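Here the chain labels run A, B, C and D in written order, and each chain numbers its own residues starting at 1.
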Amino acid sequence: MSGNRFGTLFQYHTWGESHGVAIGVVVDGVPPRIPLSEADIQTYLDQRKPGQSRFTTQRQEADQVQILSGVFEGMTTGTPISLMIQNTDHRSKDYKEIKDKFRPGHADYTYHEKYGIRDYRGGGRASARETACRVAAGAIARKVLETQIEQSVSVRGAVVQVGPHTINPKNWNWDHVGENPFWSPDPEATKLWTEFLDERRKAGSSVGAVVEIHASGVPVGLGAPVYDKLDADIAKAMMSINATKAVEIGSGFEAVALGGEENADEIRSVEGEAEFQSNNAGGILGGISSGQDIVVRVAFKPTSSILTPRKTIDISGQETDIITKGRHDPCVGLRGTPVCEAMMACVLADHWLRYKAQCL
Amino acid sequence: MSGNRFGTLFQYHTWGESHGVAIGVVVDGVPPRIPLSEADIQTYLDQRKPGQSRFTTQRQEADQVQILSGVFEGMTTGTPISLMIQNTDHRSKDYKEIKDKFRPGHADYTYHEKYGIRDYRGGGRASARETACRVAAGAIARKVLETQIEQSVSVRGAVVQVGPHTINPKNWNWDHVGENPFWSPDPEATKLWTEFLDERRKAGSSVGAVVEIHASGVPVGLGAPVYDKLDADIAKAMMSINATKAVEIGSGFEAVALGGEENADEIRSVEGEAEFQSNNAGGILGGISSGQDIVVRVAFKPTSSILTPRKTIDISGQETDIITKGRHDPCVGLRGTPVCEAMMACVLADHWLRYKAQCL
Amino acid sequence: MSGNRFGTLFQYHTWGESHGVAIGVVVDGVPPRIPLSEADIQTYLDQRKPGQSRFTTQRQEADQVQILSGVFEGMTTGTPISLMIQNTDHRSKDYKEIKDKFRPGHADYTYHEKYGIRDYRGGGRASARETACRVAAGAIARKVLETQIEQSVSVRGAVVQVGPHTINPKNWNWDHVGENPFWSPDPEATKLWTEFLDERRKAGSSVGAVVEIHASGVPVGLGAPVYDKLDADIAKAMMSINATKAVEIGSGFEAVALGGEENADEIRSVEGEAEFQSNNAGGILGGISSGQDIVVRVAFKPTSSILTPRKTIDISGQETDIITKGRHDPCVGLRGTPVCEAMMACVLADHWLRYKAQCL
Amino acid sequence: MSGNRFGTLFQYHTWGESHGVAIGVVVDGVPPRIPLSEADIQTYLDQRKPGQSRFTTQRQEADQVQILSGVFEGMTTGTPISLMIQNTDHRSKDYKEIKDKFRPGHADYTYHEKYGIRDYRGGGRASARETACRVAAGAIARKVLETQIEQSVSVRGAVVQVGPHTINPKNWNWDHVGENPFWSPDPEATKLWTEFLDERRKAGSSVGAVVEIHASGVPVGLGAPVYDKLDADIAKAMMSINATKAVEIGSGFEAVALGGEENADEIRSVEGEAEFQSNNAGGILGGISSGQDIVVRVAFKPTSSILTPRKTIDISGQETDIITKGRHDPCVGLRGTPVCEAMMACVLADHWLRYKAQCL
């Protein structure tokens, strides 16, 4: 109810501010007897960790996760798994000078108006630092999918657009994604984006990005119509990530211009199994997974913290200007990829348990 | 948990199938002493009602709502408000011949696989008929907003794209919206769409649409970060509607190509109040309403029930063809407008009560 | 959140007032493909139905249940099951004269203060008539237990005390329970109670009762520690029933005077299975079912509607007297038995689904 | 859903095992701008802390609470408040010898059967150590009541029975409660219990207790009928505490033997305000607080860990005997008092926020 929890049966509750002592997450509802170590989680946290290239914030965070409960002799026990990550590099002084000003594009104004108080240091609770907790929870969600579902479920993401520059789908290469700082699946795009982002970064500006997530091997039957449709829950999950402004499933906005005969995916039978002839649906029909790949695209707005001065007001209502110094990602969408993946894994793990409860 | 409920404090639970005895909704958490009559709800149901032009299904439903509880001497009592709508024109025989076939683009296959049983008549629970319950709940949500919030909150929608044809924003006229069968705000577009849809309908085809919703007068402070952000809850609400494939807030996908200095809305002070200089954010910052108009666009896919034969399989796995006769909207997105409005009203009413609980 | 729902995975939402058009319940989360008819539910409603002996209210209600959704060709479909019961014999005029007075022991005063409005007719939403919905939901819960659990689960109840008169446990005879109007398991007690209740009824007074529920065949493992312990959920379920004032599990209050060596149930091994040597725990250890019989006792206060004049005030704060005419049970606890049974069945069905989700 | 959370609007989520690194609780939904320090919480933790007399376990725990988030410059911010308590004195070796045996009266058997794995050290998650988190959450709940409600709300408890020995209500003295190790309100009882408990402790046995909680100054109107009645939520809260077996509100089981004319509390008018002439209802009518004192009694069973050998089986199903050495409270109910108080405060804070949302 408080807005800091996600999920229903596989669920987690996050806490912590950008510049507090620590951030953390309590992951609950996890089935017992699943092997789980800190290393299993750290792998994914390291993918999201800042400071790894010149295209992400230079804040240096070890982001070392610690398991405080719920795991005994290397196995989950079915009790709450409490994870904590210490905040180590929090230069709060960077924020002193802006503590009374509302940064355009940020949550400063709305937090101030809603709560009448805000931890202004690094955005406090509104900081994208909170997404580390999502990634940690996502790592456990993956373990749930891996151990509970017979077939292999994979959740992978890539950046398909940076600023106005899209990839060429024909060049798609999953192997390339891990080899460049942009999560780009297209080596051609990687080159272009390097130049483009360097230029924007030097200009003190920022850009947006589109992340595309693919979930393969998802069993047919996940999703609880009509309000907790799988796509509805995915949309909520993605739109809860900092800086996201849009989400589409399958052919998304492009479906609008299609005729019904082009859009509805035909079905053939292969060895007695349904085989769809296209995937405009993005793997979901009537809010329930169809067994096809689930395909989702998420739009991230450009980072709002930029070096160009911007007009704003302060907490007393006076007009002023602001430059957000700090250390910021020129394209926050890049590091959004592991976060989107994590959210997808959490949604799937949650709906898997819901499916078990009612239908198995 | 079962997926048939929406909301947390202002909440409702719907039930019923397309061709059952009736459909209904229990609306709960409504504050006491709000004047409420069946006419207050009927007004909105009549907007959504089919059979009003040649561009919607010819199914004739009175869609007469009945209040069964929760209202005493014309006022809400704070107890559950049970609403029921009888199903009158349900020609189940239309569906007999397709009871064993999976209609492409529909939920037939996934319901069958998930539940092992389905009420095939008119799509059963997966029918867009369920959205009448949303509209009824939305009418009550509007009453909550109207009586609880000092300033006037308005929730309005229009269709801004049909097939490939978009409106011209310069022609936007709210008064025109109620005067044409397309919810079009642009008289020029109305002419074009009339021709276009007639052509598609005669061709036995269908098209998609984009609905845009504006909520004005929303108080600052609604939305519960970080997982129940106002935009996250709106995204879920919209993506839970039948046939939706995408949702965007404010500048949405277009924000990706902007620079941070273009996208982040600057703030000036007018009589001590914040006044934003643009609205790329779509009225929401950090998941909390900023007081600006909330602007959301929702993509509806083309109606999947068309007269063109489509390849599919039946429940025994045999390949076959299917033509969906029945009576169908050539553009299901049109009637989506009052439904999107209703969902927006419900999200706002819910977050208003949540705001009261924590912050007032 | 609104207080009209029960359960988490097996859940239901009730609506309706004592003297409105109808009352009803939406039961949701039910697994698909369970055979279900109106007769399956009616059987239990008939047990609770008033007017069957001189010891219950003379209000004549057919209490005929109608299934409006969620069942197709005799089987549950996994979608919401909407049940409705018309109110037929509601003599609202009986209540006109007391509409401005607060009946002692009733919810009149607190509803008035909380909501500022109340449907005074027969207690409105606070009427015990609402328990018909619980019994209907319980009938479906029993179907879930019956079809989902391999071993046979039985949920049975009996009245073990009326006023100051307790049964003799040595006389316990389950067969006798169905053969007398008191749900008495002890033929000796039945005789005594007949005399005692006739005397109290003629005196215009009323008495309380204790109901004892036994659930046998419950699998080991149900209950979600630490806050949704099986006994915690049972306690809440029972204390939500009208007129209940206390609940105990196993040896309950008597356990206080025992030593740890008397109270803790020893365990032996019979064919490799645990066999407890006593059942002070009442079938629950650490909030989880142990496989022993679950034993619960629930105290019902005496009916507050009596023919003796009582001091009270009216809604303007004036002192006055009141006699509650109407038609009332002299011992509301008697008809509490099928209601307590129903609540137990619902708790078990809910925790069974929760167990499946996490542990199977 | 996972059973480790409590509350709806004022809510908390606990984690941690008796002999893990730490235990903790995330308290959420707290209104912003409430002054809060670690000292505010520590006061209550110190009341519950073990090792303070020879009548509680000799385990030495500093139980020092640390606030990790949600408080900024001494004030709550409306974001999650994460509290952590390190485990310092956990002699796990005490438990090695019993790791394969099921202690009678404990949760060992049921956890093992439910989860197939258990942290056997000190009862793991099932340990009463978890109640420290409840007390910490309760301290914050008290702050909510103190700052949000105009009138002064007090929540106090006392032990009214130890083994078979009850207090004399005529001797009740709240000042005495804080001056003896039994939370006794009756100096006569204190003397008797000292002797009695010394005797039981030396005999290697244990006893139960009854705790009585009084909440004064509670506003009229709290409680959400019909399923989240205030008494239903209190019953659940109390029955979720380790070792509790029964709960009663107001006259509880004694109400059964009363006539309706004795039990229903009459009302008079004092300066225009309702004044009840007795309090058999225990401050709650129809599930809603009436403004009278809320009075609840909770039964704790005798501590199951005793020095007398008991018959049991081990995880392979072999019969064996067990003596529970460790360090244990001879009467676990004594330390139950601050825990019951905390749960009452949490229920009231939660229902206060729910009341605000719907009725203010």
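The rule is short, and it goes like this: a contact is a pair of C-beta atoms (placed from the backbone, for glycine too) under 8 Å apart; a residue touches a chain by one contact, two chains touch by 3 or more.
Owing to the predicted nature of the structure, the values given are computational and were not obtained by experimental measurement.
Q: Pick out whichever of the two, B-D or A-D, is joined by more C-beta pairs in contact.
A: The comparison resolves to A-D.
Q: Can you spot which of B-C, A-B or A-C is a repeat of the C-D interface, where more than half the contact pairs line up?
A: Matching more than half of the contact pairs of C-D: A-B.
Q: How many angstrom lie between the centres of chain A and chain D, each centre taken as the mean Cα position?
A: 39
Q: Could you tell me the distance, in whole angstrom, between the mean C-alpha positions of chain A and chain B?
A: About 26 Å separates the centre of chain A from that of chain B.
Q: Whole-Å distance, chain B centre to chain D centre, using C-alpha means?
A: Between these chains, centre-to-centre, one finds 46 Å.
Q: Mind pulling the chain C residues that touch 2 or more other chains?
A: 1-2, 4-5, 8-9, 14, 29, 32, 78, 114-116, 125, 354, 358-359
Q: Mind pulling up the chain B residues that touch chain D in the complex?
A: Checking each residue of chain B against chain D gives 1, 9, 29-32, 78, 353-354, 356-360.
Q: In their shared complex, at which residues does chain A touch chain B?
A: 1-6, 8-9, 14, 102-107, 109-111, 113-116, 125-126, 130, 161, 163-164, 200, 205-210, 220-221, 223-229, 231-240, 245-253, 255-269, 272-274, 277, 280-282, 284-291, 299-306, 308, 310-313, 317-319, 333, 354-355, 358-359
Q: Write out the stretch or stretches of chain A touching chain D in their complex.
A: These residues of chain A touch chain D: 1-2, 4-5, 8-9, 11, 13-17, 20-24, 26, 28-29, 32-33, 66, 68-70, 72, 75, 77-82, 84, 114-119, 124-125.
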